[in-house]
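Shared chain: subunit A. Partners: subunit B in the first complex, subunit C in the second.
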Partner chain A sequence: MRKPRNRLGAGLGAVVVGVIALAGCSSADEEEATPTTEAAQEPVRFAVETPDHLIPGNHFASYNIVEALWAPLVQLDENGDVSFLAAESVESDDAVTWTVTLRDGWTFHNGDPVTAQDYVDTWNYAAYAPNAWVNAGQLANIVGYDETSPLEGEPTAETLSGLTVVDDLTFTVELENPDRQYPLQLTIGQTALYPLPSEAFDDLEAFEADPIGNGPFKASSSWTPDAPLETVAYEDYAGPEPTVDAITFVPYIDTTVAYTDALAGEVDIVGIAAAQAQQARTDFPDHLYELDAPGVDFLGFNIEDPRFSDIRVRQAISMAIDREAINDAVFGGSQIPATSLTSPSMPGDPAGICGEYCEFDPEAAKALLDEAGGFEGTMEILFVANWGQEDLFEAIANQIRQNLGIEDVVPTPAADWAAFTDQVMSGDVNGPFRARWGALYPSQQNTLQAVYTAEGEGNFGAGGYSEPEVDALIAEANAAETAEASYEGYTAVQERILEDFPTIPLFGNRYLYVTSERIAGLHTVSGAPDLTQIQLAS
Partner chain B sequence: MWIATSVLAVLLLFALFPAFFAGLFGNGDPRACDLAHSAEGPAPGHPFGYDLQGCDIWANSVYGAQSSITVGFLATAIALGIALTLGTLSGLGGRVVDWIVQRVTEVFLGFPFLLAAIVVLNTLGARNVWTVSLVLGVFGWPTMARLMRASVRSVRHSEYVLAARTMGLRLPRIIKRYVLPNAIQPVFVLATISIGMVIVAESTLTYLGIGLSSPAISWGLQIAAGSRIFQTAPHVLVLPSVMLALTVLSVVAIGEELRSAFDPRERR
Partner chain C sequence: MKIALAVAQRLAGFALVFLGVTFVIYWSVFSLPGDPIQALAGDRQLPDSVVAALTEAYMLDEPVGVQYLHFLSGLVHGDLGVDLSGRAIAPQLASRWPVTITLALTAWTIQVVLGLSIGIVSALRHGKTIDRVLLVTTIGASCIPVFVLAIMGQLLFGVRLGWFPVAGTSAGWPLSYILPSLVIAVFGLASVSRLVRSSIIENLGAEYVRTARAKGVGERRVIGLHVMRNSLIPTATYLATDLGFLLGGTVVIEGIFNLPGVGNLLFQAIRTHEAAMVAAISTALIVIFLVTTLLVDVLHTLLDPRIRRG
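And now, the complex of A and B:
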């Protein structure tokens, strides 16, 4: 139920901060160069949700920026296979003890080499509960996390006992539970695993104003939340050279303003909501990018509620929803009707595993509901008001009402996210409710573990569903010999969960971006644009 | 005048017999929606086309008259009731009563109307025709109450009231028989005009997502839904907006007409 990385803020009134002069990013000596020198490239202007923090381990809403300033250990190639970036290798025989070997020659933006010690220090700092870093949970499976961040009481250790520095470029990570997917956890979305230079810990506040990363872009202006942040390509970056020279991140409170600015060419890249797809197709015929993302939309239930405890009722509702038609009408065809519990872009996603129960079949749905004894009373479909989802839930309600012949099916907005979670957590719901999970790393493991196990962060989205057999199957899949074997394991997990059908899968996500005429191509990492691969129009 | 009256009469008929009028073109069920026709233009049997959900726009607009007009009249009736009571009390009562009522009126007048409505509707949870009317009524009476007070004051010392007092009639009877009938006219006129204002306020609140909510069928909801896709399907917005504008216009026109009819300075 994590906010999607690009969820569009609902606030009104933008602080379009006084435009900073688009200072050329070339160094001064270039000005004296001969006229043949190519003119300095204008920075690409990227509209972002107002960033909250620039510490990778301690931010909610600054993904785009920290992903530009830092580089992950592991990345995925175009086929979704693991390839390495800052790491040379991440290896393990038993899926428990992982050896991370760093590539030589990587430096922070201040020139210091990136060492194994930097990683271990940063992870230790993040995992230590009194530091209260919000993304600390990304380290939870490392041995010793229970001591540095116990569920209750004071921490009994300051550092993770599972981390060991071997030499300058090597460290080992010992996991609590075996996990074959561990390298995928080291990809770009898990920002708490980025390294900070040692000087950061002297004064984190000052560090945040002038952040120093190991990534393709370095900050060339100091940061304040409401002002644009200028970055330029880091000249000593050891990874593949970025295709653009400079990116300026422009904060917006209201993305509709950013959308208009993109139309006017004031900003170059803007993330938009799926519901805007239809309009964007008209406004940006050649500049709408639909990037496969690791998120899924689904409907959850309070399975204790006797009206919904019969699996046939939930299956009937699922079959009564015409996902294709809703996708076309509401999302302009930009999302992917779900056929499994995970996003189709996840490696090994078992497409079609949901079978007939995710296919639109009003007659069968009605028959199944009648078999289960029908439905009495009012069904309320709970969602969050002002998130631009009114049309979606109206459409779902219409379909359930018409196709199942239930008189009162009411899309019911909760006033805000807090009110929504309160209602869902307390079981105070009269029908299916909105649920979504955006995975931070491209592995089915993340979605399945977060939503369908009792410890998962997103478990309330599945109405608190948990099942010992599912837990066991997940553990088994995590511990598989190879990545391929683990995919088979997750397929078994999905099969087992679908036997209980606790949720109704709706859509696999695509995140949408519109760009100005200047941009000719965007590539994606996990739904976000790959900032090192922006193609400029010539 | 007769134009406004006949327009309003037609809309009232819509509100009273929606099923008949909605069915004029053969597709009268506002909840029969087919996403396959989402946001399509006019088609046989669907003269105004379909909205985003694939529902018939004509049927929805006709049914929308019901809730909008109900809210308009109900909220105004509530406001009028409060205004008459407090206005009379203040106009006839002693100094202390008058002072208290006046201060209360000022407090309500000082409330930013929209803010108050937002806060109350958000706390109420249930948002249907009744709660929205109640909120609009409860925050809509102060001006009318002031007018009522002034009006009552102007008749309280008139000869027929004094005569009634001298005859020893009881206060309730005096109020009912002599004060109200003579003081109520200007307030009535204002109330007529305020029906239009209330309908607009309901649509505004609904548009902002805090007024009526689905499954209610209301012009505000239709306008909100239409405005979200205005650039790709402008026709969705047209009919409910026109109906809303016509209603408000005719009610206000009738109010104006009444006002000038009762205004001695404009009488010939």
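And now, the complex of A and C:
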């Protein structure tokens, strides 16, 4: 029997429990009402954040839906090795020019074959700045991107000169720099690389209302952002057949509502915040899934700020934070205390490379801070208000205050994301600030390049850190011939970055999902549930 | 005639209030710190070329006056513009108003029916036990914060009893709307029933009631016609204004019950600094509020001849 628990104060809790106790007599009926056999399989109801767009190259918040409607070129097998899905092969001799060969027999949901031309047209459209597709950055390493999307001024080309269609099933991609990780960039998270059928470009708004992909599920209802989207398994899907017949994506503005809906069994799969883990263990003892995810939480600094420019100050703060204790208290033990700059689920992650500086040692921390001359004044820890981050930063502030003997350590919420990013990007911060990176593909390359190089999309999280030696080491690792050699390369990169200690690693992520009793198993791809591998309870 | 003149004056006043309020709203969203485009992307910095293209498309680099005038000129042409994800605002509002209006009207109806009944019962039995019980219950209920009531309702009636859906509109009217409407209605219930109660009690002791009784008018007629009609004037005022409040006040409830209404959209729009969206929704709410207050005043003159003459 389910036991609803509320998240409110203890006093209120008593009231609620009292009310529920009064209603307790009805629980027997509830059990009876559960159907034992189903003629047609009910769609799996999947709770999603209200989606903004269904164009894979131009959405912020629709990953689950887009990943159901489309299929990537490349996937990883159970061992984490590259295997192929929509592509038959992705090959290169020099790591600069890559030949993508598509599998024959793949079709869009409208029946049209998926061709090399479709990929090239979609990528060109995405990379052309005036179209303002927000995921265009995923194409930035292709030759010609500087012309279609120049940093300043008008574009001088409409298409990427680095893309060439060879025949119906083959195209080549020329990269700016040698990169052996390229096949990994073609996996599920880099949605801007999914193909659109040619009819999409006639009227993108109409296309989005009735999206057509090449993936395991096709839309069976028209889409509007605030209504559920129904999908059914695509009968001519050329990839492995999904385990469920239909998925309905139900939009929620607030996922705590979805959580309550899951308690009532009205929605089947709900992603929850790490801070809800403790409660979820009680409410969903057998239906809480903690999926290894490619994200990392860390603290960034404005390294120009003289009070934090001494590396020992940053190291001391890092050693003053008891990651284990915070993980247990705030995240119900669901996250992974960080020991490197990348998520432990990243292939080749050099666990432990951060060494003593990521281990809790208040005495050493205090000694190191004293050695650096102590800390004067107020230290504000900046984060975003109303996003469930309060407890985490309260805890971090307390530990820095107590363990380093700094009196004024103030967790400081910015009003919203706009205010937060503005403050961080302009360097208007008065201490460490919240930072995070969710890698889009399973290579350390993504996190290291995005956060710790000047051109990276997440570089503001590291306070604008960049270092020519790091750039050179990344380029070397990118060009490494084998996976093992690349792991060694990225380990060298992490070692070099940690010599500068620009950020404080906090946690490697697990993404949490709770499910109704209809669901017996979830598998993960990149931290999200693999929609083709949902196991139903028999 | 007098009424017509008064209405015309009020309408002229509306235009001023309208311009003033929409500008203040536009200006306050505009002056929120930060770049709304970058905020959309969270931890991922958008390519500069994309930011530039979007900034230009939404005129975000223009001064607030220019943006506001653009909004107004669009409004005059019946065009509310597009939101930051490039979707037209008008159709979004059109699909969401029915949800909000249904919610507000359902809540309002519950409030009217329950409020009047409780008020009448406690007035006619004033000082008795039933009066005290109703007083404590309604005030107690309205003291509980709305979101607590909402979550208790969801856990009890949605999760435990399964009578109503926890959230969403998929079960349609009335099932999906009963729980949220009840929560909203409970909040105003105490005010309505107290108001009804006190004005009935006041009127019960009024001289014209004594006169009516002295003339031998039946008790039923005394209460039903004389007392009720006069007691309804303040109540009608309150309930009409309340409808305006209910429409604007559904923001929290729509969030908790995942109802895709206008309040919900407003909440999201404020979070993402969508000035045009916030202004469009507020404009509509202002118009509704102004119209209901106008109607209340007209209603007054119809219900109470003294106001007409004075």
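One rule holds in what follows: the second predicted complex is superposed on the first by the 500 of 538 C-alpha atoms of A that agree within 3 Å, B and C clash if a C-alpha of one lies under 4 Å from a C-alpha of the other, contacts with A are read in each partner's own complex, and residues count from 1 in each chain.
Methods note: contacts are C-beta pairs under 8 Å (C-beta built on N, C-alpha and C of every residue); 3 or more make two chains touch, one makes a residue touch a chain.
For clarity, every value in this text was computed on a predicted model and none was experimentally measured.
*Asks:* Given the touch rule stated above, what does A:391 touch, subunit B (first), subunit C (second), both, or neither?
*Replies:* So A:391 only meets subunit B here.
*Asks:* Touching A:228 in the superposition: subunit B (first), subunit C (second), both, neither?
*Replies:* second
*Asks:* Once the two complexes are aligned on chain A, which partner has more residues of subunit A within touching range, subunit B or subunit C?
*Replies:* More residues of subunit A are touched by C.
*Asks:* Once the shared chain is lined up, is A:297 touching subunit B (first), subunit C (second), both, or neither of them?
*Replies:* Touch status of A:297: no partner.
*Asks:* Let me test your reading of the model: by the given contact rule, A:253 touches which partner, first (subunit B), second (subunit C), both or neither?
*Replies:* second
*Asks:* Which partner does A:133 contact after superposing on A: first (subunit B), second (subunit C), both, neither?
*Replies:* Touch partner of A:133: subunit C, not subunit B.
*Asks:* Between subunit B and subunit C, whom does A:415 touch in the aligned arrangement: first, second, both, or neither?
*Replies:* Both partners, subunit B and subunit C.
*Asks:* Using the superposition on chain A described above, determine whether A:435 touches subunit B (first), subunit C (second), both, or neither.
*Replies:* The answer is second: A:435 touches subunit C but not subunit B.
*Asks:* Please indicate which partner A:330 is in contact with in the superposed arrangement: first for subunit B, second for subunit C, both, or neither.
*Replies:* Touch status of A:330: first partner only.
*Asks:* Touching subunit B and also subunit C: which subunit A residues?
*Replies:* Comparing the two interfaces on subunit A, one with subunit B and one with subunit C, the shared residues are 415.
*Asks:* Tell me, which parts of subunit B touch subunit A in their complex?
*Replies:* Residue list for subunit B touching subunit A: 31-33, 35-36, 38-39, 52-55, 122, 209, 213-215, 224-225, 228-229, 231-232.
*Asks:* Inside the complex, what are the residues of subunit A that reach subunit C?
*Replies:* Residue positions touching the partner: 2, 4, 6, 8, 12, 15-16, 19-20, 23-24, 26-27, 30, 33, 50, 52-53, 60, 129-134, 136-137, 140, 149-152, 155, 224-228, 250-254, 257-258, 260-261, 263-264, 266, 415-423, 425, 435-438, 450, 457-461.
*Asks:* Across the complex, what residues on subunit C touch subunit A?
*Replies:* 32-36, 38-50, 52-54, 57, 85-87, 92, 95-96, 148, 151-152, 154-156, 158-162, 165-168, 170, 255-258, 260, 264, 267-268, 271-273
*Asks:* Write out the stretch or stretches of subunit A touching subunit B in their complex.
*Replies:* 275, 278-279, 282-283, 322, 325-326, 328-330, 385-386, 388, 390-391, 394-395, 397-399, 401-402, 408-413, 415
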